[in-house]
Amino acid sequence: MPEFRLDWERTARTGTSEAVLCEPKSVAQIDAIVAHAAELGHRLLLTRLGPRKFSRLAARQTLDYDADSRTAILGGVSAAPSAGRVAIVCGGTSDLAVAREAARTLAFAGESATLLADVGVAGLWRLTERLDEIRRHRVVIAVAGMEGAIFSVLAGLVPCAVVAVPVSVGYGVARGGRTALHAALASCASGIVAVNIDNGFGAAHAALRILGDLPAAN
Amino acid sequence: MPEFRLDWERTARTGTSEAVLCEPKSVAQIDAIVAHAAELGHRLLLTRLGPRKFSRLAARQTLDYDADSRTAILGGVSAAPSAGRVAIVCGGTSDLAVAREAARTLAFAGESATLLADVGVAGLWRLTERLDEIRRHRVVIAVAGMEGAIFSVLAGLVPCAVVAVPVSVGYGVARGGRTALHAALASCASGIVAVNIDNGFGAAHAALRILGDLPAAN
Amino acid sequence: MPEFRLDWERTARTGTSEAVLCEPKSVAQIDAIVAHAAELGHRLLLTRLGPRKFSRLAARQTLDYDADSRTAILGGVSAAPSAGRVAIVCGGTSDLAVAREAARTLAFAGESATLLADVGVAGLWRLTERLDEIRRHRVVIAVAGMEGAIFSVLAGLVPCAVVAVPVSVGYGVARGGRTALHAALASCASGIVAVNIDNGFGAAHAALRILGDLPAAN
Amino acid sequence: MPEFRLDWERTARTGTSEAVLCEPKSVAQIDAIVAHAAELGHRLLLTRLGPRKFSRLAARQTLDYDADSRTAILGGVSAAPSAGRVAIVCGGTSDLAVAREAARTLAFAGESATLLADVGVAGLWRLTERLDEIRRHRVVIAVAGMEGAIFSVLAGLVPCAVVAVPVSVGYGVARGGRTALHAALASCASGIVAVNIDNGFGAAHAALRILGDLPAAN
Amino acid sequence: MPEFRLDWERTARTGTSEAVLCEPKSVAQIDAIVAHAAELGHRLLLTRLGPRKFSRLAARQTLDYDADSRTAILGGVSAAPSAGRVAIVCGGTSDLAVAREAARTLAFAGESATLLADVGVAGLWRLTERLDEIRRHRVVIAVAGMEGAIFSVLAGLVPCAVVAVPVSVGYGVARGGRTALHAALASCASGIVAVNIDNGFGAAHAALRILGDLPAAN
Amino acid sequence: MPEFRLDWERTARTGTSEAVLCEPKSVAQIDAIVAHAAELGHRLLLTRLGPRKFSRLAARQTLDYDADSRTAILGGVSAAPSAGRVAIVCGGTSDLAVAREAARTLAFAGESATLLADVGVAGLWRLTERLDEIRRHRVVIAVAGMEGAIFSVLAGLVPCAVVAVPVSVGYGVARGGRTALHAALASCASGIVAVNIDNGFGAAHAALRILGDLPAAN
Amino acid sequence: MPEFRLDWERTARTGTSEAVLCEPKSVAQIDAIVAHAAELGHRLLLTRLGPRKFSRLAARQTLDYDADSRTAILGGVSAAPSAGRVAIVCGGTSDLAVAREAARTLAFAGESATLLADVGVAGLWRLTERLDEIRRHRVVIAVAGMEGAIFSVLAGLVPCAVVAVPVSVGYGVARGGRTALHAALASCASGIVAVNIDNGFGAAHAALRILGDLPAAN
Amino acid sequence: MPEFRLDWERTARTGTSEAVLCEPKSVAQIDAIVAHAAELGHRLLLTRLGPRKFSRLAARQTLDYDADSRTAILGGVSAAPSAGRVAIVCGGTSDLAVAREAARTLAFAGESATLLADVGVAGLWRLTERLDEIRRHRVVIAVAGMEGAIFSVLAGLVPCAVVAVPVSVGYGVARGGRTALHAALASCASGIVAVNIDNGFGAAHAALRILGDLPAAN
């Protein structure tokens, strides 16, 4: 019996395709999965794939790899992406890896997102001068570590769906991202929703569910 | 200076209106707020208002009170609600209070939700026989305590936006609702989003943001 | 041997006088302490003194009691208070009890504070329209529960010393005040300092230490 | 005095033999224990023995080593194993190391288990199409990380004894395996029992206790 | 739509029947469920039903109530119970309520358990003098609060399946039962399995799954 | 769009200048920020910059680097620093790195601090013989790990503003610094304020806010 | 079978006699135990016995009850107690109940302790002026809540065995006593030992073990 | 000013000498401290000194180093040690490093301890056959990780002072040693005291305080 069984019908069922979380998998396991998908002619998204592990993959030539987001794509991104519906806002340069994982996941599903970096709360003007631009999107993915105050500020100012992605960057009480996660959940600005810490991939899938049209994943 | 300043422009700004969380407030404080809203001719939603505190309000005659959801409404629910866009699914009779808080918050904003009770995972047939009905909605608010397995099962089967509301019912490791919250966030079924424990109100506001049309709140 | 020994020299030594935390003490213990202070002609501040316990004190006639802040003062507040140096900002009506404990503690020490209530982040305009007023003070005591986003927003906008007082109001992940406390400590706006959850008394003493002149307590 | 004293009578007393947890031990300590057992003619199971530490053992030639499960066996597995009584079900390729530790521990005790990999909840069909096969076993060892929803789904569908093994794979709130552990304990499907996180060895011993015949370990 | 849907086929499917957890339910909800079961001629077990709530039930005359275990049974216990297969061991008088919940749940399913009370570790002789009696059972349900040392001692001495039920009795670091739960999971005596804190009901269902014959519940 | 936008007006607005937290940033990101600041002629403070990462910076020749505090300064420290207003007290040699981060941050802002090392509580005479010296300062930054008893002892003896910096040095229950943090917050000596664990930078900015004159940062 | 079996040989075996923790027991259970002891002519110590529960005991006339420590003694305290070997030091009036539980437990075992109340760290002179008196004892039981700084200060100044009893008095991060417990365990003053939070009884037994002579308990 | 100030009078004051915790210190810092002590002719104990750091010390030739306990001694152990008063009992080979740190600390102070290894609870006979030997000591230092059941078993059988040292060895819920620590504190066997996790040094100092004679440390 093979060790893995991919769920190729997931997109039809849920509108979000299966992806391969590479962190807990060995190089051999990842290569076997990629070979299997290639054989069947399926596209595939790989996440949490560090540069060192990528460089040891037999399949690395067939993959479109992005080191910043630690993602790889088999079969290419969509030809004609939708755009202007999802904005990704992040508080600091440190949150960029997670923000880009969300962007790549959306791109794989044919959705092109607007990325706004370094829109922090400590200098509120950086956020307020971009507000009109942000408001034009249906979904805002907000990526932040530390105390996550931007989730509340943002949700108090725009009518979009706000998906908070807490980030594990930080030290002391912020270590691991719990403080940012709890800030999103306990916000006095209502209607914020949260995904797991560092889960840019999950936030992108949530955005796809919210947009509500089935992406062209296979 | 008065002790409170309501944010009447919030609906215009964010699509979700301000509400009054009554639990930490005194009877006198609540009465003052209601009187102020009535004077200005504004509608108002009050949440976490237990029967005993309600019965001591001077304003109780002017309010539409619902003991099950512990909510009260000043100015009535909407005349012609939208319907068929939001389903509220809950795992046990114990989750009903939270599910109804979500339903009432939606009703206040002119959105009529479908409520499906006792759709638990221990008897999976109760969920699967309702799947086609659930799939027709754009947003599913899933309300569950204990281990929250229903969040994963549901999100693996439907393409809707899934907003998980963990419930604090439970004992031992489930006390306080953290286990259900973490289950929603760590789910292997991607694209689930979560709100705070017991926050039916917040889930409803998230649904309104996702639906994306401004509700007729004032 | 008596059960208590008050530290009357504390003001001379640290600039902050000893006070009596009444919550864990019996009525008999509190009465004994008040009688002892009265006999020596000392002024005394009592905190966390609920209305029911106050009503059972033999000494209640000699005390200036304030139910909102749950504080009582023996010997009266100062005749000619300093003013305009400390602002107390709080996010919601629910935070008022803690804010008032800070105000009364300052009053006992001869410092009159400016209290700004319901200056929350969900409606940012309530904060920004008071900014010029806040900036004129040397110390801002910021009192907030829930996700405590106001600490970061405030500290990013004013040059004052910012003393954050997290409040235990809230439910789910906000219960007990840890989320607000961690938000203050992990803030991306630098230079915020925090005291214990619900500790309005401690924040006032911190403000007195920051102002740096010995209050006329005895 | 030697540093270790093995408990060779444990099998007679409890039906489960002593094993050597290698992770906290030095190469010298493990070699001394193996030499001692070999001298006495006893069989021995070694767990949590990584490939690097194994390769440094003097005794490595005498051991049957399995890198995937990080186990080694001195004296060989049983000649004529019982079979068909224990099924090991795991949710993802990432859980395989723990599942195999359980399988090897059972094999050491003369019990051959059925291993079903990648039977996750996000694609429920992968579980339901194997249900009849699973039901034929007396004990099901369910191995899962993340949110552990499979424990509830499985126990709601089969009458077998269900031993849950939470796995530490995961990130954010799932890091360390607490979420999966709590899901097993708080399950709304009754009669699930749990062992420690990552404890495939303990789950196998629990299965042996449940089967109730003394294994031929010495 | 009714608020509840009982899962009458559960026994056929899993060997354990559905029960009603009364703690989070209202008197009206419980009465409706009991009336529904009576109408269909089904037997029913109710757990966590305190004396005060029981006395307010309309159905109380039709129920066999046991205040010590806070359980009620509709339709009577089994006529000819199996016996001698399950022992319930508890450390102190304080653990008796949980031990009795397990015993009543077993009785409802036609299994008569042996109850051994006050078999603590601080006086080890109380345990050792009962060892031969304990060993004769196939399953031992061990109920203990505090530090739960009895789980390890017991499992080191008997070959039975050992189901640990941690109890929330205790103060300081033992409050809530986490210390006893962790002791069961981290035990150096292998093969112990655990259920949730205070979950006597779940331990009984685990025992039924382990015994492996379908109880006569309906 | 560039990945970072520095907030050069922060000093004018809050009296504390923006700094670059290097730990979560790549070498390329840090070099880009330094180049940008150099181009604009701005001074810049870099914190949490380990020796290895520093040695890989293209800009390392233009920076004044201090390995002990892991800080680097672009544009030099102030010419004529204020002095005698801030004392930094630390409990053990292990706390020195954090103490020095505070000292360097103050130096960057033109404030020269007095550093008192190894003033621990276990040998109280080391503290008491320095008390007169400490008392002459307006702000005391107290840096301590372990149980943080020095915060209470110090605040009970001096009238200065006391800013506690808990340190993550320690093992067992002290690991990560939570015990020291909680000791500062729960102190029976009133008026202590705390910053995040290991946050020497934040303590320095708090001191600058307390001193209340705008430092010459740009 | 009776529900309880007392361990009358414990004193001979361990030097500390069994006692009855009344909090989790019913009035009927306590009365049965007292009657049993009285019948056998054994002395007995009852702890955590609140005034209301005491007043409902049938046996209350035969007991020497002390409401402050919530203890009762059957059979009287020792006639000729040893003295001058144990000092009990506590930080505030709030810690007195726990301190007195320790004193009564010692008295029951024939040891008379010196009680020093309100010896806090915020006013260090209250401790230092009693140091010579404290030093004359072999064991110091230190009882403190809040941040527990007194444990470190005391252990840095005296050569006695120091048994720390953390107290659950406190709010915010001090609630429940964990901060004081961790302070005792993480102290930079070496050789402190700790018992569970609020466990005055356990501290007294530890003192008896340290003194090392068998108390005359039966 | 030097960075460190050793407390040479501590032995005279507290009966326990200062030691150097090497883990958080640099090689240069340790060398400076050793040189200073050597110059003054003082003996010195160094703890938590790993082999790699030791090999880089300039002073390594003058030190008596023991890799197993990670301790080094300057100036030699005592010539004529006391013996037979302290027993060190440990549960597994994994606990030996901590047990030996205790033994070396005692040896430095002139106390020779009896070390009993692998006396675990899973095989109770290993403990019971050593009981008479253990009982002859005044102090038992019990070192255990995992669930720490041995603390309770031991304290229920011997009258000695029992100092529990929890060990951080373990995985899952036992990781970090909290489970063993809480087991010691919550034990149903009264009179156990605990030190911090892995703190063999502290347990030895506690034993010295209990023995009560001043060791010949300088």
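We just call them A, B, C, D, E, F, G and H in the order they show up, numbering each chain from 1.
Throughout what follows, contacts are C-beta pairs under 8 Å (C-beta built on N, C-alpha and C of every residue); 3 or more make two chains touch, one makes a residue touch a chain.
From a predicted model like this one, the values you see are computed outputs, not experimental measurements.
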Among G-H, B-C or E-H, the pair whose interface repeats that of A-D, with over half of its contact pairs matching by residue number, is B-C
Averaging each chain's C-alpha atoms to get its centre, pick out the one most distant from subunit A.
-> G
Compare the two sides of the subunit G and subunit H interface and say whether they are made mostly of the same residue numbers, over half shared, or of different ones.
-> same
What's the rotation, in steps of 5°, that superposes subunit A's Cα atoms on subunit D?
-> 90
Most widely separated chain from subunit F, with each centre as the mean of CA atoms | E
Quick one: subunit A and subunit C, Cα centre-to-centre, how many Å?
-> 43
Taking each chain's centre as the mean position of its Cα atoms, how many Å separate subunit E from subunit G?
-> 35
Multi-chain contacts in subunit E: which residues touch at least two other chains?
-> 10, 120, 122-123, 155-157, 172-174, 178, 181, 185-186, 189-190, 196-197, 199
Touching pairs of chains in this structure are A-B, A-C, A-D, A-F, B-C, B-D, B-E, C-F, C-G, D-E, D-H, E-G, E-H, F-G, F-H, G-H
The subunit F residues in contact with subunit H across the complex are 93-94, 96, 115-118, 120, 122-123, 126, 169, 171-175
Subunit F-facing residues of subunit H, complex | 1-5, 7, 9-10, 18, 21, 23-25, 29, 166, 168, 176-178, 181, 196-199
Touching subunit G in the complex: which residues of subunit F?
-> 91-92, 120-124, 146-149, 151-153, 155-157, 170, 172-174, 178-190
Enumerate the contact residues on subunit F facing subunit C in the complex.
-> 10, 13-16, 19, 138, 155-163, 181, 185-186, 189-197, 199, 201-202, 205-206, 208-210, 212, 214
